[in-house]
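Heads up, the next two complexes both have subunit A, just with different partners, subunit B and then subunit C.
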Partner chain A sequence: MSPRPHLIALAAIVVLGLLYAFGSKDAVTLDLVFTLFLYATLGQSWNWISGYAGNISFGHAIFFGCGAYAAALCTNAGLSPWLAVPAGALVAAALALVTGFPTLALRGHYFSIATIAVGALVDTYVRTQGWLGMANGFELPIKNGLGWLQFSDKGPYVALALGLFALVQLATLALERSRLGYYLRALRANHAAAASVGIDERRWKLIAFTSCATFAALAGVLYAQYTLFVDPPSTLALSISIDIALIGVVGGIGTLWGPLVGASVYVLLAKEVALRLGGSGKGYDLVIYGAIICLIAAWRPHGIVGSIIDALRRRRGAADVVSVQNPAEAA
Partner chain B sequence: MADAAVEALTTFALLVAGGLLTGLVFALVALGLTLVYGVMDVVNFAHGEFLMLAMYATLGLALLGIGPLVGLPLVAAALFLFGIVVYRIFIRRLLAGPPEATVFGTFGLLVLIQGAAQALFSSDYLSVPNRPLQGTLHLGPIALAQSALVEGAGALVLTALVFAFVEYTETGRAMRAVAEDRVAATLMGINVQRINALAFGIGAACVGAAGALLMLSYPVYPTVGSQFALTAFVVVALGGFGSIQGALVAALLVGLLEVLGGFYLSPELKMVPVYLAYLVVVLLRPQGLLGRR
Partner chain C sequence: MSKPSIRLALALGVAFAVAPSATTRAADPADIVIGSVLPLTGPSAQTGAGLKAAQQLAADLVNGHVSYPLPAVGHDGIPSLGHAHIKLVFADSQGKPDQARAAAEELITQDHAVALIGAYISSTTATASQVAERYGIPFLNPDSSAPSLTARGLKWFFRTTPNDAMFAQNFYDFLADLKKTKKVAVHKVAVVNEDGLFGTGSGDAEESIGKSSGYDVAARIAYPATTTEVNAEVEKIKSAAPDILMMSSYLPDALLFMRGLKDQGVAVQGIFAQDAGFIDPGFIKTEGDDAEGIMTREVFSLEIKQRNQSVPLIDQLFRARFGGKPLDGNTARDFTGVLVLADALDRAHSTDPAAIRDALVKTNIPGSRTLLPWKSIHFDATGQNDGGAGIIEQIQGGKYVTVWPFDVAVKPVVWPMPPWKH
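For the complex of A and B:
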């Protein structure tokens, strides 16, 4: 399929988003839009390894944390947080290499549990290290200007989040059409068959894992500069990893637009819950998210976008087209 | 000098005893998980939340004047029914979907139950009033909490009972047949849906009983299940997914690692050796210590 409709849609989103970012003065909605694009970026990053490659991770927040902590350390040391962009990305990539090399060959729940264990180890490590602020985390000093990645309005933050999302979306579009993308989907559909035609599972999955870890780290840098506060529960705890996975699953794993749709649902729900039930921390938000995951898993396991794609295919009567979600199913 | 050595040895013996007793409770929790996995290839990520529900149920009974030990069979029976209902309306649907649906689905169940507990019971730590068995038992220089002894012994007996059920009864044999080959079992006239539901119910009953025992010494709060579930995942992977004997051996090992790690490293690092053990085992021996593949 031609990438053109996707590019047009993305361009429209970027134009509308930019107009909104610099046109609106409504801080509450701008905050929601910032969160939307930040989470869509994280969801897409997760989608690379868990959607396209099929290794479901419950530990993706550690890469987000790499970026957030890099930004906090840089700013507190009087260095520009722009330095945290390569630094955070590099640390995240290294962490992905070190943890991915042994674990990516694991399948199914073995990998998922390993990501929980790795996430918990990273969380524990940060909580016991003085230079990482122990359990208390860091506040970031208030500066101003593009050089410090801090702005008095929310508009520029929204624009940056939008830019990051667009970048990751373009990368994903390229992934879908690249050798790497085809290999990952082949490995996901049937790893034994893929291996038998010479696809090196560890090598290609490591490339995907390392790349998507850097996307999450970039989102982390932006997040830290936006909230000016970084601590383990807000950046690398299991609950953040769960949110990221939730966004990917709800939208539809292994689809280009799934993460954006999932993030929209997530942000709208978070707002509704806060409005009607008095914020998170009381468990109502968890009840709703949990119920949504359950419903999707049981009745629409391909997520919102995946279900739409399947329905479109069925209407076209393309019996010979293999389902995106599970090529083995159609075989 | 000699005194210091004796003291260090006594401490070590105390820790080992404590670790083994903790391990026996882990074994009962992990048993439910490994049974469900063995029969239907589902890792129930909400297993710890079932445990949490059982602990709240035990607390509720205690507030009505029914102590944890008397309440144990009631809680186990309630969880058994709960497990069957969850299987019938939810897990069965997941099994019909793509393989990752069971991972997401049971994970969603975890989030849902945990949120509901937070909404209903708040995040406070709650304990059974007038806990029984608060004394200690002295074996020479070693003093053990009576509650820990009863928890360990109770868990051991129940684990043995479930093992005997799976090993020696007709239904248990049917369960093992389904675990071995679902299609062949169906052809032999075994109702796989019924066996699945039963296995899920028994798995839930195991944490039902474990929850009642744990209320002898633990408080309950909405996220209490997570730490036990994580430990149970590690135990089940260590022992080999689906292996009951493996789970028992691994649980004792993990209990020891956790208690010794908590003492000799530091309390906040007590899970580190456990997670490292998981990673090392799944990488070097993916089938687990006693697992088959």
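For the complex of A and C:
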């Protein structure tokens, strides 16, 4: 399939997003849009290793945290957070290498377990290190300007989040059509068959894992400069990792647009449920949110985008689509 | 106030509480919007609902006609602003720093709040107050105790509650008072804390203030709150042989330490707890006689009625609105926070945020005109109320009773604590 429709859709999103970012003065909606693209980026990052490669990660928050902490350390030291972009990405890639090397070639759920363990380790480590702010975390000093990646308006933040999302989306589009992408999906569909034709599972999956870890770190830098506060529960906790995974699953695992759709559902649902049921003081919002996730998991295990692709195919009656091209099939 | 007039005030207050909106009039000046950021959903939703009820009660009393010995209430709104009423608009932080940030932004840009109040959880207070700083809107924090919040050099941030460092200071003040009145010999201190935000902050303060006050901090032990055994930690305490133990623990770990101390026969003169696990009803129930003599810091007690007669009245009004639940440390502090803002608004003669900020800087409310055991409400250069103080309670006869400061105490201190029985 030609990438053109995807490119057109992405261009349309970018143009509309930019118009909105600089045209609107509505801080609340701009905040939602920023969060949406940030989570979509994180979801897509997760999608690389868990969707395309099929190794479910429950530790993605630590890569996000690498970027956020790098930004906090840089800004507090009086250095530009732009330095945190390579620094955070490098640390995240190194962590991904260390986690992935012994576990990515293992069968079953060992990789998932390892990501949970490494996530807990990093969380605990940060909580005990004075130079990482221990449990208190960091506040970032208020600055202004592109050099500090801080702005008094929301528009530039939204534009940056949109730009980051677009970059990751382009990378994913390239992945889908690259040797790496085909290898990953082949490995996921049948690793023994893939290995028998000479695909080195560990090598290719490590490439995917380290790449996507750097995307998450970039999102972390942006998050830190936006929120101006970084601590373990808001950047490293298992709950953040699970949120990221849910976005990938709800939207459609292993699909190009799944993470954006998943993030939209996540952000709007969280806002809407909190708005309508908040303040009752009974935590109904969490219960309802959990129930919706369960329903999607039970009825639409391919996620929203996966289900749409299924429906389209059924209409065409096209049984000729190879399952490798529709990764949701094998998920 | 004499007895009958209290009863009258109470009756009026209840009637008022039942029909708070009956006083709305048409030709009044526009309401003054105060934005409140609270955890209305998420894990702290229960607490948030109480704080919301307490703040709303305070706003209704400011807008009402009934006088209490409290600042700014009963004048039908803000007198210097043509009796304009204050209107609280609430926004949900979900207990998350990024949501608190968005909530503060919403209140400032969409609801045009002239001041913000909130946000209970320290990390959410941190982000919400940064937004206020950026927009130049006063932020009053009645309920977050992380010491770092007032160490940021913010111009628009004011905190009425004492912080964890001040609570730790209270322990040492109490010890000093105790040394004066009784012949107690306390030199060695062991500081034990869970390693989260709460325990680390409290433990750091206890350790540093202890050292600077000339105590020997013989052990500093941090442990994860999710731990299932604390034998090594208890051994460390035992080998340090402290005179007193300062503990910041949640319930399960507090119980583990109690068992460990008893098993290994560690005897100390006193255990000072930073509330949390030690004030959970399950603690006294589980420990029974062995809980006797344990002390905790508290921010509020209904026994403060000795100092301000409105405490039981406000407690009644609050119960009527909040399912019969009594006023507690959190709700009393949030109630007071709204009154402090109303007091500043009246003195500002303006709803201009800069004027409100200037008025807040000049705040000076005597502690006896609040519900809290404070000396006064007066902000230092960092925005911290330097008249704040906690109280110390001790378990006596199976419940907590106030034993310090001595002017609000209802029972004398039992010192040293009795030996373990089980």
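What we mean here is this: the second predicted complex is superposed on the first by the 313 of 331 C-alpha atoms of A that agree within 3 Å, B and C clash if a C-alpha of one lies under 4 Å from a C-alpha of the other, contacts with A are read in each partner's own complex, and residues count from 1 in each chain.
Just so we're on the same page, a residue touches a chain if its C-beta (ideal position, glycine included) is under 8 Å from a C-beta of that chain, and two chains touch if they have at least 3 such contacts.
Predicted model only: the values in this text are computed from it and were never measured.
Once the two complexes are laid over each other on the shared chain, residue contacts for A:Phe229 go to subunit C alone; subunit B is not touched. In the superposed pair of complexes, A:Thr124 makes contact with subunit B and with subunit C alike. In the superposition on chain A, contact is made by A:Gly137 with subunit C only, not with subunit B. Of the two partner chains, neither subunit B nor subunit C is touched by A:Trp82.
Applying the stated contact rule after C-alpha superposition, one finds that A:Phe151 touches neither subunit B nor subunit C.
Residue contacts after overlaying the shared chain place A:Tyr20 against neither subunit B nor subunit C.
In the superposition on chain A, A:Tyr182 makes contact with neither subunit B nor subunit C.
Across the two superposed structures, the residue set of subunit A contacted by subunit B and also by subunit C is 124, 127-128, 281-283, 285-286. Residue ranges on subunit A touching subunit B, taken from their complex, read 54, 56, 58, 102-103, 106, 108-110, 112-114, 116-118, 120-121, 124, 127-128, 238, 242, 245-246, 249, 253, 281-294, 296-299, 301-302, 325-326, 329. Residue ranges of subunit A in contact with subunit C, taken from their complex: 25-28, 31-32, 35, 124, 127-128, 134-137, 139, 142, 152, 223, 226-229, 231, 233-234, 270, 273-275, 277-283, 285-286.
Residue ranges on subunit C touching subunit A, taken from their complex, read 40-43, 45-46, 48-50, 52, 90, 92, 94, 96-98, 101-102, 105-106, 108-110, 123, 126-127, 130, 133-134, 146, 148, 152, 195-197, 199-201, 222, 224.
Only residues 43, 90, 93-94, 97-105, 107-120, 222, 226, 230, 233-234, 237, 266, 268-269, 271-272, 275-276, 278-279, 282-283, 286 of subunit B touch subunit A when the two sit together in their complex.
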